Amino acid sequence: MDSQPQESDITTGQKVNEDCAVIGFSGDGVYSSIIAGLRSLQHRGQESSGIITYDGKIHVKKGMGLVSEVFKNADPMPGIVGIGHNRYSTSGSKGIENAGPFVISCSLGYIGITHNGEITNEHELREELKHDGYIFTSSSDTEVMLIEFVKEISRYGINEGIKRGMERLKGAYAAVLMINDRLYAIRDKFGFRPLVLGRTFNGYIIASETCAIDALSGETIKNVEPGEVIEVFNNSYKTIFKLDGDVSHCMFEYVYFARPDSIIDNIEVFQARVRMGMRLAVESPVDADVVVPVPDSGRAQALGFSKATGIPYSEGLIKNRYSERTFIMPDQKSRLAAIKIKLNAIKSEISNKRIVLVDDSIVRGNTMKYIVKIVRDAGASEVHVRISSPPITAPCFYGVDMKTKNEFIAANKTIESIKNEIGADSLAYLSIDGLKQAIGIKSICISCLTGIYPEYVPLS
Amino acid sequence: MDSQPQESDITTGQKVNEDCAVIGFSGDGVYSSIIAGLRSLQHRGQESSGIITYDGKIHVKKGMGLVSEVFKNADPMPGIVGIGHNRYSTSGSKGIENAGPFVISCSLGYIGITHNGEITNEHELREELKHDGYIFTSSSDTEVMLIEFVKEISRYGINEGIKRGMERLKGAYAAVLMINDRLYAIRDKFGFRPLVLGRTFNGYIIASETCAIDALSGETIKNVEPGEVIEVFNNSYKTIFKLDGDVSHCMFEYVYFARPDSIIDNIEVFQARVRMGMRLAVESPVDADVVVPVPDSGRAQALGFSKATGIPYSEGLIKNRYSERTFIMPDQKSRLAAIKIKLNAIKSEISNKRIVLVDDSIVRGNTMKYIVKIVRDAGASEVHVRISSPPITAPCFYGVDMKTKNEFIAANKTIESIKNEIGADSLAYLSIDGLKQAIGIKSICISCLTGIYPEYVPLS
Amino acid sequence: MDSQPQESDITTGQKVNEDCAVIGFSGDGVYSSIIAGLRSLQHRGQESSGIITYDGKIHVKKGMGLVSEVFKNADPMPGIVGIGHNRYSTSGSKGIENAGPFVISCSLGYIGITHNGEITNEHELREELKHDGYIFTSSSDTEVMLIEFVKEISRYGINEGIKRGMERLKGAYAAVLMINDRLYAIRDKFGFRPLVLGRTFNGYIIASETCAIDALSGETIKNVEPGEVIEVFNNSYKTIFKLDGDVSHCMFEYVYFARPDSIIDNIEVFQARVRMGMRLAVESPVDADVVVPVPDSGRAQALGFSKATGIPYSEGLIKNRYSERTFIMPDQKSRLAAIKIKLNAIKSEISNKRIVLVDDSIVRGNTMKYIVKIVRDAGASEVHVRISSPPITAPCFYGVDMKTKNEFIAANKTIESIKNEIGADSLAYLSIDGLKQAIGIKSICISCLTGIYPEYVPLS
Amino acid sequence: MDSQPQESDITTGQKVNEDCAVIGFSGDGVYSSIIAGLRSLQHRGQESSGIITYDGKIHVKKGMGLVSEVFKNADPMPGIVGIGHNRYSTSGSKGIENAGPFVISCSLGYIGITHNGEITNEHELREELKHDGYIFTSSSDTEVMLIEFVKEISRYGINEGIKRGMERLKGAYAAVLMINDRLYAIRDKFGFRPLVLGRTFNGYIIASETCAIDALSGETIKNVEPGEVIEVFNNSYKTIFKLDGDVSHCMFEYVYFARPDSIIDNIEVFQARVRMGMRLAVESPVDADVVVPVPDSGRAQALGFSKATGIPYSEGLIKNRYSERTFIMPDQKSRLAAIKIKLNAIKSEISNKRIVLVDDSIVRGNTMKYIVKIVRDAGASEVHVRISSPPITAPCFYGVDMKTKNEFIAANKTIESIKNEIGADSLAYLSIDGLKQAIGIKSICISCLTGIYPEYVPLS
């Protein structure tokens, strides 16, 4: 089959890296281990998927779509080490040449990288590197990282080079660097994005979330700590250094992004969500008949809300499991109806009842408006919306695709007016303090809630 | 793009119709209404999808895959009436020419049909029809239905012809017949498979389940009763006749197949499932710490079990939402691990706890064995499996893809030995009586539980 | 890969059968022999391709595109007999369900057909057959043929049934009927379209042209004569009957359609074309420096013209071999330039010379206008256009896609005004008499030259 | 549609650049002009196709397959300048990341390149450049060229940088360098591969062959001379310098590779081929009845042979125009027959005649063996093979895919034994002197005939 034309835009400054999944594997069964890992991290990115393996030579496969689509009929790739990447889709126009992982050959041999996060001084670094004579083939910040590392490593050797690179790279990055047959797990000093190290029966795995280690029946060894770099080589691993600094774990991983069965920086995500629901119940109780989650993201929190209040929990909304992929309905009216294809109410659970509707967060608010309508249409006598995180009011520059302040419903509106807009009888968000307590660690990033950033950001 | 070659097998007697979805629509917005209906019934069949519309001429579109894949970039089809079909996938080798709906032209004009069920005397009818001079282009029993109706209608007119056709067609069928601009909702006299009539803001809809009517923000008018035929024409509908007989609604629709938000023959599926769980708790109680559903099919039942026993309900298993599609892992070891890609435990909910694991049914038993293992690996101190339906021991000849007795784990094994095989501490199934009470109607089919069939079946 | 949606239009009366290729094979190596045959007959149709084989069961593969595209990665189809079809493309909107071959099952077993030609009373027969209770699944006249044969054979047995079918079918057909493991080569009594029988080292082949037999290193046994039916069965063949009547071989096969290396009704096509050129030279000589063919269709005729006149032959135009497939240039100006992508002049052969430009025929005249321009731009001092067949002035109803009288440049214009329109210094066509003499048989169809048809045609 | 996975191999030293087509365009209508140019140069490469345009930003589209396939449904690319590339297919495994053109961004802005030829010191340069800190993303020698130019230009400015780059790059290259909105036509000092400059009604075009300029109805301005660099910018062009040295135009362009309607280094290719045939007739005359070309590559030469000898020319072989694309026949026997699908004899032109069979060259000899057999099977009384170029005995290192000496039938065999192997009655090749005279220039490369190379080659 003839391949599709590929579009490219290597124009500097266009952001292409949003929340993603990374995998590194060293040992036997590299290809199938990376495939399994990427499939278990598919929720972190569905736009494109890619794998690079090394066995003296380099092998690369990338494609648009889910892991299972891209690698469906692919021949297994040979390798003693390898890295993999799932990219998050924000729009369909992003070209394959911006898809991870990246690999180059240079005087050091073959160097590949897979990265989750966002380099905030990407633009400055790119210009500097160009000034130094480096060249770029894409507009991806991952390529800037890669070349920055190549530059420093060429000058200072691997360990010192990685350190110097990290000192120059600002922003969020949880990455795996592959230098020939060695892997380096690299996490920025704030620890925005998660990264863990595990062991399977036939090798070492580095992954964005523990659920990838579980998928291989492996065991988690440790978190890659903020600022830490771990080398995996020759069937062993060692920390080669750890930069110090204030820690700032993304609260949104706990609230929404991560899988509920993952453990992130020692916190069980599911339990954190249950606690968010409990805490929310304490902060904003309500007299009602049943607690109903917005599936799937509100389920753990609704269980917590129910537990804390004693109001029975039930499933009152059904999510159509086949509506994930974008499909444009052919006319305007049917487009409006499309939300009903995605979600439907179980009338018998809702009719004539006072409903507490629990979800994780509200970004734009459109969806919540329709969900409230669906619940009302199903006969609810009251609809109380409870959101298990605080209002989002500022952009994220650390790898989550929330950039434009104007999009956030909470940016310029009072809670009262949001309540009216979505048509709820009452609306409450979790407080920032409540969130911190529920997660159980203090050193979390809350910049998108406060607009205060732990470090320079490219505000324009 | 050049299309794919299409395989065909018109060999008589090869079964190709398993549980499926049907839609008929008459009014404005035929195409988008059928699309929305089919998308909301996608759970009844993911192998292929097709739509036929009529506007004086006939328009047909069919393809392999999900509705959203088949119709992704398709031009809207013009029409004043139309029918649609989703087919269930049991294997990938089934050709497009066996995919519904079917349409022919003859002296009566254009006649199309979409059908869910299985004609038990398909073989005899096909031979008789061939003897009468009729010809076949596929091995589908839907074509046999269509031609049987054409034959009788040609001789006796529409109403009498449909009646005579129904008298000759044995087995299960919930179908929509399109005769030029008229639609006929047809349900076999046992009422095995569901069929409902609804009204939207711009037309009439006939559908397998009420959730399709909901998806169009329509209202359900009535069930198509067992043996009933309803004509939809000229912006109105009327029952043209109703055959009498013993009713036999498929219990498996309530147990597993239908969407929980649908109402089937006046019974709310979700509530029936909750009652199955409650009843199971009464029949086979157990001392435990937490009730955990096997997602998604055990959720309502687990809620019922929890409610009846007071044992707290929680989510302890996470289902990877991206593992639905078949993807073959590249080696044996990774194939074994694949179940872990599909399901993972939330250790913190399970560790050191006595778990009641609730699911809807067990057919072959392989999956349940692995689920118990996953729960044990997560540290459960006890695992009590509770199945909210009775053991399946006999084949279904009425449209559900359970044909080979040897496949059923319960066919030749005691419950004790099944318990040992799946590695549970205890195992209990719901009783047949309990099932009937939970569903709340007496006239249900339980043939696959008893091996006793309400009518002749082609046992070989 | 998920297949494409398929459009259908079974509306009676829409013509879908234009000049095509048919193959039948009985013996060993059915699949690969049919593939080779179809590939060698690709010039007779590039729109779609299909094969049906029989080995007790029926196997069907069809698809849009060239043989090599449709069957690229296909598994070989088992069979002891089989038939194949290439369809000619007149427009891209024709659905796969109208693509040949066709197959049905009925009381006689499996009956398949592949057909080249056009049934002129298709509409009447279809209505009659519907009246008799027959049903249709497509708008193809091939299906009408098939069902007409099924009807007669059911009543009168195979031999008598085929005869009666042929007596009722008007128009042009060269077909292979497959009745279970028997093949029947069937040619209408006029013999419009070619059909030959051959023998390879491992079986019998029926084909539209001898070049298909050559492709299998086989030998041609005989023409299937006009009105003749030959049965191939059990490793032997026999004529089962032959209808009498006036013969009318399509002159256009010799002029343009057939491959130059084929022998049609005992006339070598290449030699016939050389004679057309010679005869044209005698009828319309011209004083010139070089004879240049329009490649590829004018080459043999130009050689004849050169031979008869002594004016040297040379290649003066180059045809881009990669421009066959439709590709729409992105803007108007580049669309006009597209003809230059298809054809270019060899200036050194043309500049300052008096050119005799020889082609086979002119239908619409657009292309010839541009070719004359290209030759003039290359510096020709004079351009004399010589067309090796008479002007086309009337539609063909016998299987060649020339339907609309208004399209023909010669329908309403004098030769003088055509000459001016295409910008030639002189223009001459071959006379009808000259054509007959060049081909060397009297009994040729010339209806599209005269507007007089050997039989009823559905003039509307 | 989800794209295909892409394989990559950036292992140094794997050759990926064989004879190809390049286009550069500056002016209005960049996209459609490049498309038209690439389509007219499709014969130089069918494996992949790509275009890069610049309009302040960079736009890239590449894909596997013909131009018409890759750009079929593509949106037009905006641009004020652009470059394009067709790649020659030697095997299907070559990845898209090795497909031209290439583009990078660096301190100079955007730099793109499209290249035809082969860099003989690619390996050494790559290592040196790596040593200098440069990095590579593919194994293509085009990337080495690009980076070498970037390096020199960064240091010395554009004009001096290109010159220094050319002094370091050994081997064959005809390239277009795009530096932001400027184009540079660059030809190695030997002038192995052709390159011309032309003017169309809306801009300047640089192309591998004049037929691309013709396709745009443009006029050829001049050859890019060996060692010359021409800048096209701001609607004008100028030579910026010209390196001196011995010239060595590839004789194989005249013999086989180029289109017959092109003019290469002032020699009309068609006429050169006619002269090769005439000269061959003088060197190796033979008493025969008809001169038959092997289509299409032997046609001009056969015309020359006929002209020089007076033996009549005719077409005796038909080439199936649909057999270009690789299609694997399903079994061994049919694979052997496949040559008959590609070529067939016109028996009436050959039977009982003494044939002079004329082709351009013999590389491996397999095909010629079968052609002689086809001609004999068609009844030729004698078959005299005349090859219009000398025997190929040594590998090409300058961009033509003839690498392995062992493959060449003439490398280790006498002409007598080749004659026997192919089954001819006589065999003669053109002499090297004859070739030179026929082409009409002395300074031609004949390294693959002599094994003597004008410059260092990486013999291994």
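Going by the order they are written in, the chains are A, B, C and D; count residues from 1 in each one.
Just so it is clear, contacts are C-beta pairs under 8 Å (C-beta built on N, C-alpha and C of every residue); 3 or more make two chains touch, one makes a residue touch a chain.
No experiment lies behind these values; they were computed from the predicted model shown.
Greatest Cα centroid separation from chain D: this falls to B.
Between chain B and chain C, the centres computed from C-alpha atoms are 49 Å apart. A straight line joining the Cα centres of chain C and chain D is 36 Å long.
Between chain A and chain C, the centres computed from C-alpha atoms are 60 Å apart. Multi-chain contact residues of chain C, defined as those touching 2 or more other chains: 66, 71. In terms of inter-chain touching, the protein chains here make up one closed cycle, each touching precisely two others.
According to the touch criterion at the top of this document, the contacting chain pairs are A-B, A-D, B-C, C-D. Listing the residues of chain D that touch chain A in their complex gives 1-12, 57-66, 69-71, 74, 95-97, 103-107, 110-111, 130-131, 133-137, 147, 150-151, 154. By the touch rule above, chain A contacts chain B in their complex via residues 29, 31-33, 35-36, 39-40, 42-43, 46, 66-68, 71-72, 76, 211, 214-217, 259-261, 268, 270-271, 296, 299-300, 303, 307, 312-315, 318, 320-325, 327, 329-331, 333-334, 337-338, 340-341, 344-349, 377.
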